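Structures incoming, each one as structure tokens.
Each of the two complexes below includes subunit A, the first together with subunit B, the second together with subunit C.
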Partner chain A sequence: MFAMFRVFFVNQWASFLAYRVVFFLYTMWAVLPPLIYLSVWTTIAGGDGVAGWTRGQFVAYYLIFMVVNHLTGSIEIHTVGYEIQNGDLSARLLLPVHPGLRSLASNVGYKAIGIFVLVPTVLLLAAIFRPEFDTTAPMVALGVVSTLIAALLQFLVGYSVALLSFWITRADAVMQLNSMFLLLLAGQIAPIALLPDGLRQAANVLPYRYMLSLPVELFTGTLNASAAAAGLGIQCLWLVAAWFLVRAVWRRGVYHYSAVGG
Partner chain B sequence: MRRHFAMILVFIRNSVQNEFAYRVNLIVSVLLTLVGMVGAVGAVLVVYSHASSIQGWTLTETLALLGLFSIMSGLLNTFISPNLDQFAENVRQGTLDFVLLKPVNSQFLVSFQRCVVWGLADVVAGAAVLVYALASGMGEGVGVGDVLAFGLAAAAGTAIIYSLWVSLATVAFWTVKIDNMTTILRAFFEMGRFPVDVYPLWLRRALTYLVPIAFVTTTPVEALGGRSGPVVLTVAVLLAGAMLYASTRLWRLGLSQYTSASS
Partner chain C sequence: MTQLDTAADPVAPTITMPAHEPPTAAPGAGGRIHVSRLSKYYSVHEREAGLRAAFGSLVRRKYREVRAVDDISFEVAPGEVVGFLGPNGAGKTTTLKMLSGLLHPTSGEVRVLDREPFARERDYLHRISMVMGNKGQLQWDIPPGDAFLVNKVVYGLSNEEFHSSLAELTELLDLGPLLKKQVRALSLGERMKCELAAALLHRPVVLFLDEPTIGLDVTMQARIRAFIAEYNRRTGATVLLTSHYMADVVALCKRVIVIHQGKLLYDGGLEALAGRIAPYKLLTVKLEDPDLISHTRLEAYGELHHSEEGQATLRVLRAEAPSVTARLLAELPVSDLSVEDPPIEDVIDQVFTGDALGGWTGRE
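Take a look at the complex of A and B:
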């Protein structure tokens, strides 16, 4: 299975490389929207800080947010959704391997190629805004683990939504709805800790925080040990839930599928 | 001029008839607009729960600006971007020939041929937020002159957006494969949902001189609050005129490069 994944990855990587400029432009979407809120919060924080956060902490939070945003983002509505709509999925179903493996390779390839423009951009922004880090090695390690889980979680959710294309023509609208919740409840407009009580409690229960914000909170060291453990626990629960969701949707969808075109 | 106006009406009627074949899209779009607007207003409220004013901008002023941003975004999604997205495809496939054969200015036809009426939901939602902001405090002291200045600045802003999109789309004449170039423009446009004053100086300069989004939302709302003087308004109008002119020049230049794809 790993060998097959490698073949898919090399294949996808090569095809993405041909369109690298386009992919670099897409990567900017992981950077520019958080830059809006980075600016807003650093302006508010000014010299004295706000709600216990200093200016430099906001900078560190949002710069890491940009990286995690890119590394966890789901592109399945464009790749898988499109395959279903134009019937390309039919050929993939004939291979003796689940088409999801190819989609996963495509997802990883997209992220790998974006890194080449993302890292210089974030370093440049770091030189301009000057972040303040106050974190520990164990928290960074947990952040790495949490980023992987978040990426997998977003992949599974994105895949499930893309599979809705089996039944409806506007699955992209469902995905748009999903990204609106990600904007509001996954630490983009403000770090979760700064949300009003009601929203913060909702954010702690709903999956969105675990799809994007939790790794950022871990990397920046804003969580204490018990909050980190609880966060990772809930994140794993959502991952399991997403796994069952995608399996259920896939089974029903494939039975329903009657290829478009030939 | 009257002929062009009549044609735009025909294009709209045509598009509405087309779009109404997909009625579920209406519900989906309205739902997305509503959720998006609640989210956008929520974001502003969260920010202002930690500050009473940001760089001199109060909550109601920022809400008014968000309303205008949503109106602009709706116009962009209804009229400008559906057409110019199609344009890149037309150049690639050579179907631009059909546009050029018609006895009408080609830039006009390419810019207004189709519209996606659902984008107007954003215009309505944005207008509602703008009116709410005016009704809850910001409206005090706003005179007829301020409203006229706002209208003028907003019209200039619309012209600037249009020129930016046309200019970048025109690049397709040379590169053929550029359909995602407007992606970057849209990411900058998104920055218009907050007053440019919240951005650091270098970014504010970029948003004023490089990609002049500052004139699209910030200047009109400042005019409404009586904060931008005649100088800024004049600059906005002159810039809009210059950019419109430049975009038509660029269009002609690009058109002379066009050799069609195949036949």
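Take a look at the complex of A and C:
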């Protein structure tokens, strides 16, 4: 299993390397939107801060957000969704391995390679904007764990949405909807702590915070121990739910695919 | 994939052939295929052209049932090479997809290697391969050598198995110079050679080939064909192929299965097919005075197939051939006359164009 993952990973890496420029641009998608919100919030915060957040804290929040955004993002609508639509999935289904493994390897490969663009970019931005934050080693450790779970969660959700291509030709529209929720309820437009009460409560229940925002909150040390534990607990529950979702969608989708031809 | 609607067409009767004798299988080969009363129906949404119809279809959709494969049965013995013939949309690819497990049947039974293909069990997928002329395992941006390595791991091949397989395939298909090129830089024929190699690295016992030579030039077609025959000979694998090129079928298959509009029309030897599908003979007449050819109403004797310098070839129903021959000899100054079966190429060409299939069974 691991050998297969590795060979898919290497393959994907080689494939991505063939498109250096495109790849650089894709990685910028993880950087640019948070950069915009960073500029907006640092301007609002000015010298005095806003709602208890200083300018430097906003900078730290959004710089970490960029990294987590890249590490957790789902590309499955482009990879899996496309394979289903053009029928390439047929070739994958003929191999004695679940096509999902290749997709996961390709997801991880994409992220690993993006790091080389992302890290220098974030360091450069840090030198310019001077972040401030106060965190602890345990919180950073939890942040790493939470980033992994968030990445898996986004992968499973992205994969499920991509699988809708079995039935509808525009699954990317559903993915757009998902991105919209991620924008609003996953701490992108504003940190969740700064959302109005109603939205914040919704964000704490819905999966989007756990797909992106929670690791950032942990890394920046803005959560107390009980809030961190509760957050990770709910994140794990959503991960389990997403696992069942993707399995159910896969099973029905493949049955449908093989009923109508591909 | 295109499908034909069988509903509007008269149901063509199936011909039962004398029991087919499968060749003796290579030892150890277990690639048996059993297909019984297999059907695949699709429900297809259709609408008229135009905006009005487009809106109309939002409200009420018309569906039409398409019988891509309609109640076909056959057996394939281990080690056999069987060709599927039929015009576009006849149901050949659909049948192959059901055999490989990509499609599940609407009804009927399929067993390949004593497995139900649609279950796509690991050990089943380990023992089969399917090559589709228009879709493949290779990735566009990386060299085929990398894709082969993926297959090595996916099929769990040992280094030894992998290298001996690859060396053999490299030699047979002359892959050497291709292994390190990007797939996108390969020609169509080169890509197909690599696809075949990727599909055969794990030495499948059953091989499904869907239009393996489509779009290739004649030399490359011959190359691929020779390779498939060699693979079958060396490994005793069962090979089922569909093709548009009669040369593929003539070169590779002793046995053919003709499918038309989802129905199995013929299952048997290639030679016997000619007698069934082309129940006519070719009469070539030479007259004593060459100029006479153009002035004689040869149409009175049979359908004029072609004529050239003093001789003409007529197409005559098999049953009428003796009497037409007698009349020709009696009524014209014939200097030479020969009676021949039509070339197999013509016969298969008729199968592909579908011309012959509507009423051919009635003319025996």
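Operating definition for what follows: the second predicted complex is superposed on the first by the 257 of 262 C-alpha atoms of A that agree within 3 Å, B and C clash if a C-alpha of one lies under 4 Å from a C-alpha of the other, contacts with A are read in each partner's own complex, and residues count from 1 in each chain.
Operating definition for what follows: a residue touches a chain if its C-beta (ideal position, glycine included) is under 8 Å from a C-beta of that chain, and two chains touch if they have at least 3 such contacts.
The structure presented is a predicted model; accordingly, all values stated were derived computationally and were not measured.
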item: Partners on subunit A (subunit B, subunit C) - clash or fit; value: fit
item: Partner chain in contact with A:Ala225 - subunit B first, subunit C second, else both or neither; value: neither
item: Partner chain(s) touched by A:Ala126 [first = subunit B, second = subunit C, both, neither]; value: neither
item: Partner chain(s) touched by A:Ser15 [first = subunit B, second = subunit C, both, neither]; value: second
item: Partner chain in contact with A:Ala141 - subunit B first, subunit C second, else both or neither; value: neither
item: Touching partner for A:Ser258 - first (subunit B), second (subunit C), both, neither; value: second
item: First, second, both or neither for A:Ile189, with subunit B first and subunit C second; value: first
item: Contacts of A:Leu93 with subunit B and subunit C, given as first, second, both or neither; value: second
item: Subunit B versus subunit C as contact partner of A:Leu32, first or second or both or neither; value: first
item: Subunit A residues touched - subunit C or subunit B, whichever exceeds; value: B
item: Touched partner set for A:Ala3, first subunit B, second subunit C, both or neither; value: second
item: Smallest distance from any CA atom of subunit C to any CA atom of subunit B, in Å, after fitting; value: 5
item: Residues of subunit A that lie at the interface with subunit B and also at the interface with subunit C; value: none
item: Of all residues in subunit A, those that touch subunit C in their complex; value: 3-4, 6-8, 10-11, 14-15, 18-19, 87-88, 90-91, 93-97, 255, 258-262
item: Parts of subunit C lying in touch with subunit A, wherever the complex brings them together; value: 1, 42, 68, 94, 97, 100-104, 118, 120, 122-123, 125-126, 128-130, 132, 135-137, 139-142, 146-147, 149-155, 182
item: Subunit A partner contacts - residues on subunit B that touch it in the complex; value: 22, 24-25, 28-29, 31-32, 35-36, 39, 42-43, 46-47, 49-51, 54-55, 180-181, 183-184, 187-188, 190-191, 193-194, 198-200, 202-203
item: Subunit B contact footprint on subunit A (complex, rising order); value: 22, 25-26, 28-29, 32-33, 35-36, 39-44, 50-51, 128-129, 169-170, 173, 176-177, 180, 183-184, 189-190, 194-196, 199
